Structures are given as C-alpha cells and as structure tokens.
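In this document, chain identifiers A, B, C, D and E correspond to the written order of the chains, with residue numbering beginning at 1 in each.
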Amino acid sequence: QDGQPIKACLVTKTDINPFFVKMKEGASQKAQELGVELSTYAGKVDGDHETQVQAIESCIAAGAKGILLTASDTKAITDVVRQARDQGILVIALDTPLEPIDAADATFATDNFKAGELIGQWARAKLGAEAENAKIAMLDLTPSAPSVDVLRDQGFLSGFGVDVKDANVIGDEEDPRVVGHEVTNGNEEGGRTAMESLLQRDSGINLVYTINEPAAAGAYEALNSFGLADQAVIVSVDGGCPGVENVKAGVIGATSQQYPLQMASQGIEAIVAFAKDGTKPQSSEGLDFVNTGVNLVTDDAQEGVPSISVQEGLDRCWG
Amino acid sequence: MTKPTPVLMGRGIVKRYGRVTAIDHSDFDLYPGEILAVIGDNGAGKSSLIKAVSGAIVPDEGEIRLNGEPVRFASPIEARDAGIETVYQQLALSPALSIADNMFLGREIRKPGFLGTYLRMLDRAEMERIAREKLNELGLMTIQSITQAVETLSGGQRQGVAVARAAAFGSKVIILDEPTAALGVKESRKVLELIQDVRSRGLPIVLISHNMPHVFEIADRIHVHRLGKRLCVIDPKQAAMSDAVALMTGAKAPERSMEAA
Amino acid sequence: MTKPTPVLMGRGIVKRYGRVTAIDHSDFDLYPGEILAVIGDNGAGKSSLIKAVSGAIVPDEGEIRLNGEPVRFASPIEARDAGIETVYQQLALSPALSIADNMFLGREIRKPGFLGTYLRMLDRAEMERIAREKLNELGLMTIQSITQAVETLSGGQRQGVAVARAAAFGSKVIILDEPTAALGVKESRKVLELIQDVRSRGLPIVLISHNMPHVFEIADRIHVHRLGKRLCVIDPKQAAMSDAVALMTGAKAPERSMEAA
Amino acid sequence: MSETTGKGADYEASLKDSDTSVAAFEHKSRGPLGTAQHFLHGNPTMVPVIVLVMSVVAFGLVSPNFFSAFNLSLIMQQVAIVGILAAAQSLVILTAGIDLSVAAVMMMISVIMGRLSVELGIPVPLAVLIGFACGACTGLLNGLLVTKIKLPPFITTLGTWNIFLALNYYLSNRETIRSQTLDAEAPLLKLFGERFNLGGAVLTWGVVLMVVIFAVLWFILNRTAFGRHIYAIGDDKEAADLSGIRTDRTLIGVYVLSGVICAVAAWASIGRVGSVSPTSFFEANLESITAVVIGGISLFGGRGSILGPLIGAIIVGVFNSGLRLAGVDVLWQLFATGWLIIVAVAIDQWIRRISA
Amino acid sequence: MSETTGKGADYEASLKDSDTSVAAFEHKSRGPLGTAQHFLHGNPTMVPVIVLVMSVVAFGLVSPNFFSAFNLSLIMQQVAIVGILAAAQSLVILTAGIDLSVAAVMMMISVIMGRLSVELGIPVPLAVLIGFACGACTGLLNGLLVTKIKLPPFITTLGTWNIFLALNYYLSNRETIRSQTLDAEAPLLKLFGERFNLGGAVLTWGVVLMVVIFAVLWFILNRTAFGRHIYAIGDDKEAADLSGIRTDRTLIGVYVLSGVICAVAAWASIGRVGSVSPTSFFEANLESITAVVIGGISLFGGRGSILGPLIGAIIVGVFNSGLRLAGVDVLWQLFATGWLIIVAVAIDQWIRRISA
C-alpha cells in the first residue's frame, strides 16, 4: 500500500521434519513470487510450545500482516493467537487445527484423523478375512502424545475397525488384536527399536502402523533382521518423496499423502489477499476448514478405498 | 595418687582402609586440664587417631569415652556439639569464602533486633572486626584484607585462620593437628602462648607436632605413637628429647615405667 | 672477589592481586652450587616469589634472568624444560593417582621393545620399584602400599612423595618451598641430607623454611624476605639466628654490610 | 652433624620487638582503564552485564525493530519463566549439584494447580498453596536422595525428571486446559500474565516476580548464614562437614527451596502461556542451565553471584529475540545461537582475565 | 620462657638406629563376606556388574522372553551406538569436562559419509576416512575452545551442539538416504549392521566394534602416559599443570579422540539404522551421559574406570528392553526408567559403601 512489502510469518512445529521443510519451501516460493517478506520460525522439538509463543510475539513486534501456524499445543497457543488477531493480523492454522478451530481466522489442513482412517481402511481390506486375527503393532510419536500423534493413531484404529474408546487417548482400547503401542520419536532408530520390542512380545505381528515414514523404514529394518519382512504389512502417513519411494520398493504397503507445499502457498496467497482488501479465506464446503486434501498412495489398490498410484504419488509428493 | 577420670579416652581403636591399617588397637587418654602432645613418625596414625576421637572417621573397632561415658560420634558436628573443637591437618577451610566467613562458619553472628531475629541477617562488620582481632592476636600482620578469599592466603596465613577459629570457640577439649607446621617463628610462638593461655582457662589440649623443642617446652605428657598404636607415654620432665625420638623411630623399645604412664 | 653470574636472577619483580600486593619490587639471586635459604614471616611473599621465578605465575613487572639470559616463563612446563624443578607449597600432586603415577607424572618410563615403542605401554613394575626406592631413601617406612592413592596418604607422606620427585628429576636448579613442614624428625633429617647431596652434585638449591636451626645448618646464604621484598641477604656464618628473626619480623633494620651481600 | 642450636639458643628473644602494624602497600593511581579493571575485579557480576549491553547494542544495529520499548519489554516477558527456573537452578548449582528436574517439576505443578482449581473446583489460592507444597515435596525427594542415599545430584534429578514428566503426562491426561476455561473458572491462575504499563514499556507481573525472587535470593545468599553455608558446601563439602556445618540439612533446604521456586514458576507459567499446557517449556531445563553458566556461576559449585543468572537469562532472551527479529532462517538461527553462546562466554572470560 | 633446647641438643643422634623395615600389619583371615568386600574394594568396576546381573535376573523373572540368547544379543545391538558414544563421553568426563555435542557430531558425520558416497559417488572407504577427519575437526574445535579460549566444556559443547545440529540439517536437507539406495550404491556403509552367529546369539559387527573400542581405551587409559595424564587433569588441573603435564595438549588430544570415536559411531549407526537418518539418536546425548554416570565415573573428573560406562550402557539397555518386553505403557515406562536409574545407582553406592 505505502510501498512497504507485506510481512508474513511461518511458524512450524520443528525444522527437522521434511514435512515442515516442504511447507517452508512452498511458502518461500510463493512469497518470493508475490513480493512478500517472509520470516520463518520453528520449535526445537515436537511439542516445544514456548518457542512458538515467542515466535508469534516476535511477528507481532515485527509488524507482520499475517501468520501461518502449525501449532504444537493447539489449545494453549490460542491466547497469543488472540493477541495477534487483536493487532489486526490474519492467523491461518496450517495442517493442524487450533482448538477451538475458530481461534484462527482460517485453517488450511489435512485431516490427520482422515489420513489415519484411510490407511486403516486400506489395511483392513488388504488383510481381508485375516483382519479378524490381525496382530497390530502401533508405532507412535512421543510420550507427550501431541495431537497429530493421537489423531493418526486413533484414525488408523477406527479405520481398521477397532473400538478406540476415548478418541482423545492413545492406548485405551481393549482389542486383543493390538499387540502394543511404543514411541519412536518419529525417526528410523526409534522405529527400529520399538519394532524389535513389539516383535519380541509377539513375533506373529502382521500389520504395522507407523506415525511417519522414517519410523516405517526403521520398523522394516527390524522386521528384516528378524527374517519376518514378508509376514507384515507396514502402513504410514505423510507421503514424502522417500516415503513414496519406499511404497514403490514394497517396504511400505500404503501411505497417506499430504500436501504441505500447497497448504503453505495457499496460505501466503490468503495473506496477500487479506492485506489488499481485508478478505478472509472461506472454509471448504461442509467443513469448518479449508481441506487441502489427503490421498492414499499405493499400487495395491483395494476395493472401496480411494487411492492414487505410486507414480502419481511420486509426481505429487509433497507438491 | 588416684588419677582423675580422663576427659577423653579411647581403648582398642582400629581403623583399616582396604589393605592399609591406619590405627591398630590404639589406646588414648586425655586428662583434665593437661596439654597432651602426640608424637610419631609420618604416617604413624596420629591424625587418624584424633579423627577417630573427634568424629571425623568412625573406627572399625574400639571404644571411646567422654568424661567416662561411652560415646559414638557419627560426624564432626556431634563431637563439636559435645565441646570438642578440632583443627585438622587439612585445615577444613572453604577456599572461596572470605577469612571472616570461614572463622564464623556454622556459628555466625546475626544483627541485633528485627533484621537479625526475623530476617536472620548477618552482622558482617562485627564478624570482620572479631576476625581481624583474632588474627592480630596471632601476629598475622601480613593479611592485608579481611575479605580476601582463603584460597588467596599463604600456607601459613591459612593455618593461622584455622587455629584462631578453634581457639576462639573451643569449650571442652581442643585438638590441634600440627598447628604450627606452616607457621613462621613469630606466629608459632604466638600459637604456643595461646595454647598455654587456653590451658590456664582449664581446658585440656591435644597437640600433635613434629617439633620436639616445642613439645618438650609445653606438654604435660607425651603420647608416643608408632605403627598405628600408642607405644608408650612419657613425661617430658623426666625423659630426654633423644629418648622420645628414639622411641618413635623404633631405635629403642619403651621401658616399663613409660608404659605405666 | 668477582661474583659469578647468578644461575637465576630476578630484578624489581612485582605481583599484585587486586587490592593485595604479594611481591613488591623484589630482587632475587641464586649463585651456582649454593644453597640459598629464603626466610620471612607468613605471607611475606616467599612462595609468590619462587612461583614467579619458576613460571607458575607471571609477574606484573620486573625481569628474570637464567644464566644471565632474560627469560619469560609462561608456564611451569617451560621452567621445567629449562631445568628448574620445584616443590610447591601446595605440593601439586594428583590426589586420585597412585604414588608411583605421581612421581613419574609427565616423564613416565615406557616398556622396552615393541610394547613401549609402538604401543607406548608403561613399565609399571619399574616405576613402582624406583618409587619405593626413593621413598625408602627418605625414610618413609610407614607407606604400606606403593599403589595407594596420594589422597589416602598422611600429610607428611604426601610431602615426602613431592620432595622425592623433585630430588630425582632436578637438573639445573631445585626449588623447595617448605619441604619439611609436615615431616617428622627422622624424615626432615633425611631431606636435609638429600639437599646436601644434591648440592654436592653441583646443583644450586633454593630452600624456603621457617625452621631456623635447619636454615642456619645448611644454607650458604640467607635471603630475608619482608613485606613482599628482599630486605637483605645474610651470611649464616657471621650472623646469629636471633638477628635473622629480628630482621624478618621487623624488630631490627638491616645493616649496611647485609644489604651489599 | 653440625650443631647450631647453641648459637640460636634464644633466637626468639627479639620477637617482642617485632612489627605490629598490618601490612599495607602504596598503590599508584591508575588510569581510567586501570580503574575499570579494578572495578570489574571487585564486581565480577558486572561482566555479564557488559556482555548483555554489547549484545543489545549489536542487535539494535542489525534489526531496527529491536530497540523499541515494546520489544525490550517483550523480551523480559519471554525471559521471566526461564529466569525463575534459573534462580532455582542456581541454588542447586552453587552447592556443586545440578537439577535436571526443574522444568518437569514446573510443568507438573502447573498441571496440578490447573486441575485442582478447574476440575475439582478448589479455590485458586488453596490450589496454589497445594502446588507449592507439592513443589516442596519434589525438592524434598531430590534432597533426601542426594543426602541420605548419597546419589550424585545429576543422577538423582535425571531420575526424578523422568518420574515427574511421567506424572505430568498422567495427571494432565496429556491435555491442555484451555485459556477460556481458565478465564471462566480460575482467572487468578493467570495473575502473573497480567500486563501493566511502566513508562511506555508493558510488563507483566511475572517479570516483577522474577526480579523479586532474585532479590530475595541475593539477600539469602549474601546476608544470611544459610546462604554462606550453601557457598561453603559447594566449595568443599568435606571441609564444610569438618568445620561443623550441618551439610545434609542445608542441602535438603536448598532442594526444597528450589522445588518451591519451581512451583512459583509453575504459577507464573500459567500466566505466561495463558493455559495449562503439559508440554510447554520442555526445553527450559537446558535453557536454565545455560543462563546460570552464562551468568558466571561455576558448575563445580561455590563460585559466582546469584545476579549473574538473571543477566544470563536475559542475554539468552536477547539472542533469541534478536535473531528472530533479524529474520534469520530457523536453521541458521540454530547455528547462530551456537556461536553466540560461545562468543558471549568467551567475551565474559576475556573481560575477567584482563581485569584479574 | 622456659628453655629446653639444652636437653635436646643432639636429640637427633639416635636416628641412625631407627627402624628401616616397611610397616606391615597382620590381617586376620576374613569370612566369605569379608573376602567379597575386600575384592569389591580392590575392583570397584565390578560394582556396576553386580547391578547389571541383578537387573537381568529381575527382568528375567518378570518377562519370560527376556532370558533368551536372542533377546540378550538384541539388547547388545540396541546398546552398541549409545555405548560407543558413552566411550567418547567418558574420555571427556574423565578430564572433568562434559561433551554435549557427541550425538550431534555423530548425526552430522553419518550424513557426511552418506552424502559423499551416495551423491558424490566417492568410494566408501574414502568417504569414511573423510568422515573420521571431520570428526577429528569437531573435536579440535571443542578442544581449542576449551583450552585456548578457556571456555567451560559445558558451554563449549552446548554451543557446538547447536552448530553441528544446524550443519547436520543443512547438509542432509533433513532427508533420509534410504536403505535401498545404500544397498545399491554404498553397501559398505552398512558394514556394522551385518550379523553373525555366535553360539546361538546373533551379534552385529557394531557390537564387536563397541567392545573393541572399550578395550583399546582401557589400554590407553591404564597403560600409557597419555591415559594417566587424562586422569591427572580431571583430578586436579592446577596440580597437573604444576607437575609439568602439557595439559592443553592432552586436553585437545582427548577432544579430538572423542570426535573420532563419534565418527566411528556414525559409521556404526548407519548399519544400525539401516539408512542415513539426520534425526535418529537425538536422545543419545543424555543417554550416553547416563551410561557414564551409572558406570561409576565421577562427573567431577579423574575417578572411575572406563569399563564402567560399557556396563552402564548395557544396564540402560536392559532396563529399556525389559520394560518394553513387559508391555508397560509408554507413560509408565518413563516413570519406571526414572526410578530404575535412581535404584541402580543407589545399589551401586550402597555396595561401594559396605565394601569400603
């Protein structure tokens, strides 16, 4: 308006997860294209809430027009978000909705519960009759169980047809098919060690849920070292390029693909629009957020579960 | 002549560290109002012995009696509460604290009135004044600043601080482990005078020293320690220094009369 | 008589610590083959002075010359490499290491042959044998195990270890800061004999001590230190002990003849 | 053997004439540099202050927004919680210990306070008091393990860190109590997040609380016997024992006090976060230790002033804020933080060296 | 003043007759308990071994699967990487330092090795050598900061931890190099993940590597001058300086060696993880320190045997594995780990006390 470039902020959970790296890439590209001055911030580990608060405060201090936020603590962050909105800043929640969802001006998200549900349904169809006697390993994120962790875990189980009891709590189901939950910290090493322990508890495991694809790769290493690589199907969430490669290589059976780059570039566009004339983005039909979509990626498509091919997945991986 | 009950008595004290024997069934007696010197070779077990009677180590065997009552000190604090004040050979000073802080460690003076009673505020000026006074009494005139950290003091100055502390606060028994080792001629003389002063106040004193002239000058009785046990006790007025030296180095065996002492 | 060049010489050395002056424009001379005693009150600055000439502290001002060449030691290692071996008052032993380890710290003996040359393996048996020998020479017969950690030794035993180390390895100058302070009668005598031994090998020695009889027995010259500076140098064959004591405590001012020494 | 005792028979006779004045030396007047040196030598606490001023100026030059009253007061708000934890941490570190459990204790107690008042409907003042009592208990546990079982503090608090973290997740059910709920049912829990104006700068009561805590600790450490004993224990525990300090009692006191300060931090953290979050301040452990060390307190105990960690915490806050404002990429923020920690302490050391 | 010198004029004359035999005492024969005590007193390394045996037995009773050769060898595989890092950590801790950067260095170097061989097509042996060189450089940086700039090791390595972590993310672009890619292009990088059979137990070369590293370090620390100097420096740096050890050179050597060991761990970690992952082993820092402390090495330096951390790492591995096998909920695993750390070290301390 007065020649000053529009300032925008992107606050992600961490900077070590390729998912958020892609998000940042998308935002930066779009920002450059539209001449927006973008600052990016991230927590140090998953669940690092305080750093996110400080980041938003810095954005306010820096006079940003809009903030794109992937919240670690979706309830606690609302206070500082309100401060930002009071200053006339547009706040868009990316990937993870805030609680309540209207604490942000808009939410551009993948439905993480839906992502879990898709791989659950796929696994159920894949196992067929065997599904009744499945032995399931659940490889979760961290002991603090942030909301993605809960949503994906519970989404998977309900998709598979397990009664999850309280959908807000991991591990309270009583279904004997679930061998156990272990945490992986979302990396290969954690995935491997967790899988090793679960295999020792029950060497008949034939279905492995993993929080993300690095954990899935680790789980595969463990299965391989136990000589059980062919016995179990691994499912995962994210759809990053190495993850889809792993689907192609048969390491992972199916994965739910998300589109962080798209979320972020749409977010930047929304901020620019808001800065121009104050329009706020509209939610998708029938939802209280803007759905950026999630697709199941597999070459082993199952009846009744919509999916895309690995090739398409590779073309779009984190596009 | 019936002897009075010893103020502090030890019988059959043993302390071993793995393969090393520090005290080997040693006895110990300190009578009221006397200056008892303990002499012996390096490593004979003198320091270990007085650590055992002052609660700094717990002996493996043996019995300790204070005024005839059996006692078992589990820590130096218990011994101190029973009135035994000790200057250890390693001095037990806190290096980073000031001289005044060290002198009053564990018995600080509080400000009078509200500040002291309720806020428990220390009376620094008073403590520093007293500390300076005590050091001057010992002739330690080279200490330039009373707020110096103890680690910045010379070896002798440090020893002076430790001795001044014991002399100022001892109430029943004062034990000094080589108090003049690092001290100069003048400062050593002052310490000897101080010891005699303390005795004239009626307190018994245990003095460990390698300085024979000093020992023979002020001791009432001399406990000769050798190879972890009390070899004998000699009377400085009867025995010669050369005898004492011969006894403690094993050049000579003790005579009957000495053992009875 | 023209004097030879001093082996070690200091001129106008100053060292201050914040508000405290440790050395105040002091001079220092050590001539070849002599035993130089340094005496003075506690805190006079004796230890600081020898720390300055042996590289343990860097003086604020002043000049140090070794065999007439100006030197500037930034660390004790440099001084040691120049042949100056020092026993500091705080002894500089590593408490948790064994006696043998401590004696050979920094100049360990390696096994002969492949093990020593390529695997750099230490010859423990040999080091322990030599250590035991050196301690026996000093008469420290109460050390029961040569593999004991130094922190478990008595005060005197520790000092013995430090002195034995210096005597075994000194090559140009040996400096001893109160080497007999914690030693017994026998052990002190052995150290004095050792010092005379070393001198007869032609090495000059600096001896700091508060023991006047010892000083007057073996010193060739006596450096009297007072309030951070060299007050005067006296000849033990001419002056009396009482003069020395009077000078160092400030009871008497030095005479002309002494200052020239 | 030459016999010299005859000559010196009464060599001590002259002692009566010896000098009796305390040694004193002339000091040449120093230049301004010398005076500064001398000042720093006597006031080592000022060294971190210099580092702080330098970094504030540096960031002020880089990012124009940095120097606003708003941003500076924002930094203070951001620093408050870590600062209070650093106060608790300092106490323990001064005794040559380390407390890895501070952040976990704080998180757990904020959950306890929140659950008690929101779910059980206990009045806030009572809930806060119960929280303080729990803080004291956590400290007591640490203290007893360190003194009675004689575990190294590092191991003790590493263990209790795990324990309190697990309890935190259990008690909170890993769920946040929302800001709106607090506003409705227990607004007093958010007391320390309230803002007020002070000459253009907006401060919270949490910031005031931090300053007050440091002031009180300064008094305790420097003006009471308990404080001197803390230093003595950290300096040389054995010497402290032998010189008759009740070291166990003092140590337990230190851990309990540290636990209570963590509980205070818990209350303040609710105000800062705005809600009761079981995952906030996960990183605060390491940050509190960093603040203490940057503030010039030795990890080996017994040395350093309690005011150092206050400055240390602010330095860390200034770095973080300055880097964010300068728009540095997250990755390079991490990189720069690493260098800045090193450079800050290096400058501190260097000033100490030249002022020695 | 009474004059006594006359009497003692030549009191030293009798010295020539003094006893010249080394002091020796009878030792009563002890019972079996006494013998055990005496053995432990002389071999303090055996204390963690007892704790290890006790915990193995305890978990064996709880979960039936635990006691199989298979499970025990699995634990060894899981422990190997943290064990190797603990070896590097021990060296630094023995000098009274601490190395918070070990895990970051390892992560970064595994990325360097992986990228060099997969993306630049450099032959694996060369890539590994370059990795070792980088490890040595990280150590050199730490060592120079500690000795020349005189920064406390905690602060130095906290700083370099941030730096190496940032570089790790930068170099890897946060992306994993997949197992299949490695198999195709650089299988040698996975060397230490190769399994072999040893009497029913399946071991990896990584486990052998860990044991070899500890054996070599044991030799260095106990049988070479460099090793004794490390202890002397950790014990009392000032005394070591005064007794003529080149402390700076030795310290730099220690950090470089530690960096190289981290590089070795990096290679081994690729075998363990199966891929080159820039986020694995994030927690390994604290775990390596825990292993060292449980193994009986003092955080104040100079005391403890290098074999302790090996046992310590295995104890930690046994706990983790045992708890997971018993099917304990993640939350209560955290809780139990806390208590187990405390209890393990408490038992260790208790045995040391009664054997003293």
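The rule we apply is simple: a residue touches a chain if its C-beta (ideal position, glycine included) is under 8 Å from a C-beta of that chain, and two chains touch if they have at least 3 such contacts.
Keep in mind the model is a prediction, meaning the values are calculated, not measured.
A.B. asks: By that same contact rule, can you tell me which chains touch chain C and chain D alike?
C.D. replies: Of all the chains present, those in contact with both chain C and chain D are B, E.
A.B. asks: Which chains, if any, touch chain C and chain E both?
C.D. replies: For chain C paired with chain E, the chains in contact with each are B, D, in label order.
A.B. asks: Measuring centre to centre with C-alpha atoms, which chain is farthest from chain B?
C.D. replies: That would be chain A.
A.B. asks: Going by C-alpha centroids, which chain is farthest from chain D? Tell me that one.
C.D. replies: C
A.B. asks: Would you mind pulling out the distance in Å between where the CA atoms of chain A average out and where those of chain D do?
C.D. replies: 38
A.B. asks: Express in whole angstrom the distance between the two chain centres, defined as the mean CA positions of chain D and chain E.
C.D. replies: That pair's centroid distance is 30 Å.
A.B. asks: Between chain A and chain B, what is the separation of their C-alpha centroids in Å?
C.D. replies: From the centre of chain A to the centre of chain B is 73 Å.
A.B. asks: Taking the mean of the C-alpha atoms as each chain's centre, how many Å separate chain B from chain E?
C.D. replies: One centre to the other, that is 44 Å.
A.B. asks: So which stretches of chain A touch two or more other chains?
C.D. replies: Where chain A meets two or more other chains at a single residue, that happens at 15, 45, 143.
A.B. asks: Of all the residues in chain E, which ones touch at least 2 other chains?
C.D. replies: Residues 5, 10-13, 15, 18-19, 23, 25, 169, 331, 334.
A.B. asks: Could you list the positions in chain C whose residues touch two or more of the other chains?
C.D. replies: Expected reply: 17, 19, 21, 43, 90, 141-144, 185-186, 212, 227, 245, 249.
A.B. asks: Among the chains present, which pairs are found to touch?
C.D. replies: All chain pairs meeting the touch criterion are A-D, A-E, B-C, B-D, B-E, C-D, C-E, D-E.
A.B. asks: Help me check something: in the complex, which residues belonging to chain A touch chain D?
C.D. replies: Residues in contact with chain D: 15, 37, 39-42, 44-45, 47-51, 53-55, 57-58, 61-63, 72-76, 78-80, 82, 99, 143-146, 168-169.
A.B. asks: Can you check the complex and tell me which residues of chain B touch chain D?
C.D. replies: Against chain D, the touching part of chain B is residues 56, 75-77, 80, 86, 88, 90-97, 101-102, 105-108, 110, 119-122, 124, 136, 139, 141-144, 165, 185-186, 189.
A.B. asks: Quick one: in the complex, what on chain D touches chain C?
C.D. replies: Going through chain D, the ones touching chain C are 2, 4-5, 7-8, 10-19, 23, 25, 38, 41-42, 356.
A.B. asks: Residues of chain E touching chain C in their complex?
C.D. replies: 11-12, 15, 18-25, 219, 223-226, 228-229, 231-232, 235-236, 238-246, 302-303
A.B. asks: Can you tell me which positions in chain E touch chain A when the two form their complex?
C.D. replies: Residues of chain E touching chain A: 65, 71, 74, 78, 81, 169, 173-176, 178-180, 195, 269, 272-275, 277-283, 320-321, 324-325, 327, 329-331, 333-334.
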